Amino acid sequence: MTTNLPVLPLSLIIEAVKAALNEDLGRQGDITSAATIPPDARAAAAFGARKAGVLAGLPIVDGAFRAVDPSIRFSPLLRDGNRVAAGAVIARVEGNARAILAAERVALNYLCHLSGIATATTALVDRVKHTKAKILDTRKTTPGLRAFEKYAVRCGGGVNHRFGLYDAVLIKDNHIAVAGGVARAIRAARAAVGAGVKVEVEVGNLGQLAEAMTEGPDIVMFDNMPLDEMREAVRIVAGRAVTEASGNVTLETVAAIADTGVDTISSGWITHSAPALDIGLDVVV
Amino acid sequence: MTTNLPVLPLSLIIEAVKAALNEDLGRQGDITSAATIPPDARAAAAFGARKAGVLAGLPIVDGAFRAVDPSIRFSPLLRDGNRVAAGAVIARVEGNARAILAAERVALNYLCHLSGIATATTALVDRVKHTKAKILDTRKTTPGLRAFEKYAVRCGGGVNHRFGLYDAVLIKDNHIAVAGGVARAIRAARAAVGAGVKVEVEVGNLGQLAEAMTEGPDIVMFDNMPLDEMREAVRIVAGRAVTEASGNVTLETVAAIADTGVDTISSGWITHSAPALDIGLDVVV
Amino acid sequence: MTTNLPVLPLSLIIEAVKAALNEDLGRQGDITSAATIPPDARAAAAFGARKAGVLAGLPIVDGAFRAVDPSIRFSPLLRDGNRVAAGAVIARVEGNARAILAAERVALNYLCHLSGIATATTALVDRVKHTKAKILDTRKTTPGLRAFEKYAVRCGGGVNHRFGLYDAVLIKDNHIAVAGGVARAIRAARAAVGAGVKVEVEVGNLGQLAEAMTEGPDIVMFDNMPLDEMREAVRIVAGRAVTEASGNVTLETVAAIADTGVDTISSGWITHSAPALDIGLDVVV
Amino acid sequence: MTTNLPVLPLSLIIEAVKAALNEDLGRQGDITSAATIPPDARAAAAFGARKAGVLAGLPIVDGAFRAVDPSIRFSPLLRDGNRVAAGAVIARVEGNARAILAAERVALNYLCHLSGIATATTALVDRVKHTKAKILDTRKTTPGLRAFEKYAVRCGGGVNHRFGLYDAVLIKDNHIAVAGGVARAIRAARAAVGAGVKVEVEVGNLGQLAEAMTEGPDIVMFDNMPLDEMREAVRIVAGRAVTEASGNVTLETVAAIADTGVDTISSGWITHSAPALDIGLDVVV
Amino acid sequence: MTTNLPVLPLSLIIEAVKAALNEDLGRQGDITSAATIPPDARAAAAFGARKAGVLAGLPIVDGAFRAVDPSIRFSPLLRDGNRVAAGAVIARVEGNARAILAAERVALNYLCHLSGIATATTALVDRVKHTKAKILDTRKTTPGLRAFEKYAVRCGGGVNHRFGLYDAVLIKDNHIAVAGGVARAIRAARAAVGAGVKVEVEVGNLGQLAEAMTEGPDIVMFDNMPLDEMREAVRIVAGRAVTEASGNVTLETVAAIADTGVDTISSGWITHSAPALDIGLDVVV
Amino acid sequence: MTTNLPVLPLSLIIEAVKAALNEDLGRQGDITSAATIPPDARAAAAFGARKAGVLAGLPIVDGAFRAVDPSIRFSPLLRDGNRVAAGAVIARVEGNARAILAAERVALNYLCHLSGIATATTALVDRVKHTKAKILDTRKTTPGLRAFEKYAVRCGGGVNHRFGLYDAVLIKDNHIAVAGGVARAIRAARAAVGAGVKVEVEVGNLGQLAEAMTEGPDIVMFDNMPLDEMREAVRIVAGRAVTEASGNVTLETVAAIADTGVDTISSGWITHSAPALDIGLDVVV
């Protein structure tokens, strides 16, 4: 699950940890450590998984420690995209004690949140492994964290859908209604965007699908379609467009959806509702 | 659940929705709507709860629409802290169609996420209603969203723990180890901070508790203590400090923990793992 | 040339004019006007074209005046994408004299620069009108102004290529060399990105083209190819991919390039070297 | 042309390249390189001039590489202000391949744009070399790039006019009209600003000049004056103020303007319409 | 003292009050008012001077209230630059009670600080009124507040020295030492900056002055010169440059310094050590 | 006075010096040094106290030099919180001459301002040394500098009051009036905030005090109370709450106030009106 991960732009990591550290340290800093820990005390600590899962976010953990004190040594034993067993050590960190404690919660909050998303993604991916279907994310992400969450989906073996309203066309009901039909909406989109942008259209039934296919969309999304109808829809498309299933995707339903033959299955749950992976930092001051 | 909610600083809301809109719109904007929806088309839409829950985040929804187009009219029928039934309409919005669609996902991502936290909090609060125990949050929040998530906890009937490392002293194992004992750590903290800052200490057993109580801490936290021991700990404190239970707090365990007589119970789960509340926006272009 | 223009995100305009005004006003403000113009003096002014061209940037002009003083009334007589004759009035503005003078240069600097790009784009578009070829922009834009400059290209009748390294794959020599051949590079890209992202490949000769076509790229770019070879390349592609001509595109050469039958022709000149359109603001204090 | 160049504040460079990199990398980063180039691949490359010109912007190029990866080694062979021949190598760069490709376009966009301005400035400077006249820039700069563009003018042998509305007084028609005459406007300005600020006044004819000279302005600007009249104006001023010619300054006219004896000649063309200097980066992965 | 005040750029005020409000409200907001004051309660209040002085900062007070709640009505009875008697009402404010209390301290902190500077400036100005000497400020300002503090100096009847290292040349000992003498330093400066920038030189004795005058500096500063020597220096300059006295300027010494005939006297004390003017806000909830 | 100083968050220092340097350098940089000092010249300099006092701000001085040029070597001989004698050397700095001069004024402005506050605080602390009273600061701080000024108060031996409206409850007249009495206001506050937040109430006389004490506030502030009444108030509280004296605190009155037996005495003067400590930088280029 570790091949071909995208590279998070460094400035994204730096800005993110800076904001999170500001949030936790305020203008007063860590008043407990300032009172109880000498300025020069050193500490070592280990990140340990309390539950099994898939990792995502280690470069951000690294960035959090660097932001507080560039002399801290952070040494990961595993990498993003790796599965981790319950009880396993993920990484070690060593350096100034106050600095490690100042960054601890920020580091963990990112790591647990993103690894939770990677773990949830892998849970879906594992269930559709017997098919060609890929698991996609959506725009249902936590505000401000989309790039990181979509990266976590990749760490979990999923594939990214569009990043925003800006980088792909996705024509939905509302657009179709205003544009005066599926075909006209697709034509309007083609005319407006360059050849470098893909055009996807959402269809709710086989009638809409037939009309849509006359305009050769790049991708068709089957929105909340019954499985039988979806199977028929896949047959109709017959490889002329990429197919995507959407709606009611759960750990229980995903395998059956994949069995319809769709190319991709998109899930909002993996980003908006995945529980955090339980990871702790055991500090040895 | 709606009394005495704190007021989110306006600048916090403005900055947050601006960042989230930038994330979704990029530099190109909504290329689908630009291609298929006329600049002057108008739309009306309704926010509807697909599942029952407790609301949090309506002022942010309002802010998201305002940021895109100040002439949009957003009319909430319910307020933050209100319970909402499955199927109920939460709010209506009316205005320029492109603008409503541009803000839609940002508005929903905040509302579903924060209402999920409020709903989870209420689930715990409901289970301890027969006791005096209050439900507290922790610093295990999503990076960048702490102020909003702690607000959502309040909407759900919970109470806020410290906001960061800066606004209260919380002495843990590591601090105690370095400071040379619980009592010395508390004394060091008292000496360092002003009279306006509370001092809380974490204890793992009755021995530590006894030593801690000699220094009169404002709050004692019982960390992962067995219920019997916790009951005894509450008896020992005898009202001389506020008591807090921490660790292994779930929907299943929370009532029994409250029955030990503790004043407060803190839960990381309500912020780091609460599933989003399912809310949709039905647009009528 | 005015249909289907994209909508510049409002926050982009606001940030841009704020930065430009800060640059011009510094911390002291307009010291000449403060000394010579009474605080309540009013002025009216007209934007006039000194040369013929195509307009782009009027919403930014509007934003500049609003940023300085929301009570200024800006009334455009023409719209972005319109051709303007030498001597024609483009817009009128009326309000506080100091405020109009404070925003004047920022407004003109945007309008002249972007209209220069639109005008240059139209010059190319006009020369290929007898063919199906569309004029594309590149990433050779002025740092910080890419979104505006790509918008100006649209105003001039051009079409946008990718906005950055992030929203489309463009495989060049270097990628091919490292990946071990055109075909392998295309396969690696397809595997790494989702179905929503287009894959374009640059080829320098017919051999590379043949190899590339075995992998079905979405777009092939002919880089600095002689016209005869390009004509043959278009014949080989035969509609199985979008074709793009690149390199040595000038007012003199563009028609002949279009005559080869390529679908699109990309030009860096329209963004990095287009002279500003001469527009002035005649103020009547 | 290399003596006495001003020093660009480091923070200006850092902010500028950060913004430009964000623009090009977005939140997803370089998806082509991520897919086709291994994380640890190294590359070397050379910046080469395709056309002759004058260089400006090398410290920004350096900053762009540093911002992406501080371990990249950038080694300039020439310096800002140097003339470069067509075909000459300007600088070499060596380091991580993905990082070099990520910064390539940002580096080139700055270097080509600013070197274009330096080259245009030198073209004017060369034509007035037989006189004492200096070439000045104006406030007709690209929004957001003024400090860099004025630095490029210096690299090309020009001199900087005021940086904004804030650092010098320049009294124009409008100010004169409101203030009630040239003399009153100059007096008002003198009264309002400290002794450290110079007062310049624009005059359109010899009558205005005579009135202006009664108040001893530091600088007088002859706005679009016929050459004969300008020669007479220089004679009238007789060294009591610095003289500046403005309007209709081109490669063709500049020598004749300088021959009138003016001290300085200001040109908007060198910043708003100079074509980019053609510089490329040849990468050897 | 109210004529010809410069206009503070609006964006400067907006940024400043936003930062100050963030500092005071944090992410939690005003927790006392949220607990004790109903959301819709209204209040009226009056700004009253507890001591006599000169006002500066009312537009910032206005901005602070607007930033918290644009519907607050702020009505100044006096203006910046006006003298205010002890006990006099300066302005009234009326609106939402929570909002007024949220902005109160920020508004007062600006108003008391800046009015303190204006009052101190006027104290010096009053003492030199019998001469032509003007009171100048310096760069010894509070970090982040220079533009406001220099504006306050103007409100107090003083004149602004350069705003930073960027807008005027001031040659001191160190520069002279490195450049190899006063004359060479002045020549180097003249060669490096445009005609729009004034050149000032600091001299410590009559020998340095004589050498400096051979190069015709715009301004000469007499640094910590005995009064007799300064009188002689003024005689030597004889109007060929603006003269400035610097060093040991106090309420006690300033009149005697002015009596030497210098044109200007610069004081760091008015910005770095002026006590705040005592102004209070009496709220009637 | 040097024990247990809080740690200023590094990002706070970095942001602060960056803003202050921008303010001083503008976009043009130090034009005097650029003209007169060679790019590679080196300099050494010493910070010397011209008056005796207490130091605060050395880490910010360090940060200012680092921000301009990380290779500068800054070597403090004393530390924040140390007393310094008139004439003593505080620190030395060595490195690039232009860089040292560029940071000089920013460094001094912070150091003189904050050391002035520390010195003023110590002056009060020294006068109450014979009692148990501690000197507190207030929210009457310079906008934007609160965290630094409160740190300086700590350096001077004082203790910090709340940092803003967000981190402690302070119930004043207005809150009491609206809430319907002292007791009700305290109860409302207790109900609204968590156990981690202290509740302070301001009382103006013994009647209000009696009512307040029925609700067990954490802290009671005696606002402008006559000394006899304050002594009685201390007797009534009898250790059940922390006591604070406020109003009319000067160098002359502070000892008598402390003699009443109050626990703490808060002073706005130490932050809003303390004169800067006179410190200079003697440069040896």
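As written, the chains take the letters A, B, C, D, E and F, and residue 1 is the first residue of each chain.
Assume a residue touches a chain if its C-beta (ideal position, glycine included) is under 8 Å from a C-beta of that chain, and two chains touch if they have at least 3 such contacts.
Remember, it's a predicted structure, so these values are computed and weren't measured experimentally.
Student: Which chains lie in contact with each of chain B and chain E?
Tutor: Joint contacts, listed by label: A, C, D, F.
Student: I want to confirm something about chain A and chain F. Since they are copies of the same sequence, is their interface symmetric in residue numbering (over half shared, so same) or not (under half, so different)?
Tutor: Copies use mostly different positions to touch.
Student: Using only the C-alpha atoms, find the rotation that maps chain A onto chain D and quote its angle between 0 and 180 degrees, to the nearest 5.
Tutor: 120
Student: Any chance you could check whether C-F or B-F wins on number of contacting C-beta pairs?
Tutor: Taking the two pairs in turn, the one with more contacts turns out to be B-F.
Student: How many angstrom lie between the centres of chain A and chain E, each centre taken as the mean Cα position?
Tutor: Centres of chain A and chain E (C-alpha means) sit 52 Å apart.
Student: Between chain C and chain E, what is the gap in Å from one C-alpha centre to the other?
Tutor: 45
Student: Which integer distance in Å separates the CA centroid of chain A from that of chain B?
Tutor: The separation of the two C-alpha centroids amounts to 22 Å.
Student: For chain B, write out the residues touching at least two other chains, lowest number first.
Tutor: As it turns out, chain B has residues touching two or more other chains at 4, 6, 23, 25-31, 34-35, 146-147, 163, 166-168, 188, 191-193, 197.
Student: Edges wherever two chains touch, nodes for the chains themselves; is that graph a line, a ring, a star, complete, or other here?
Tutor: Complete.
Student: Flag every residue of chain D that touches chain E in the complex, lowest number first.
Tutor: Those in contact with chain E are residues 4, 6, 136, 159-163, 166-168, 188, 191-198, 200, 218-219, 242, 244, 263-264.
Student: Give the list of chain C residues in touch with chain E in this complex.
Tutor: 18, 21-22, 25-31, 34-35, 39, 67-69, 98
Student: List the residues on chain B that touch chain A in their complex, please.
Tutor: 16, 19-20, 23-38, 41, 43, 97, 101-102, 105-106, 108-110, 112-113, 116, 139-147, 163-179, 185, 188-189, 191-193, 197, 269, 272-273, 275-276, 283, 285
Student: Can you list the residues on chain E that touch chain A in the complex?
Tutor: Residues 23, 26-27.
Student: Applying the document's contact rule, which stretches of chain F touch chain A when the two form their complex?
Tutor: It is residues 4-12, 146-147, 163 of chain F that touch chain A.
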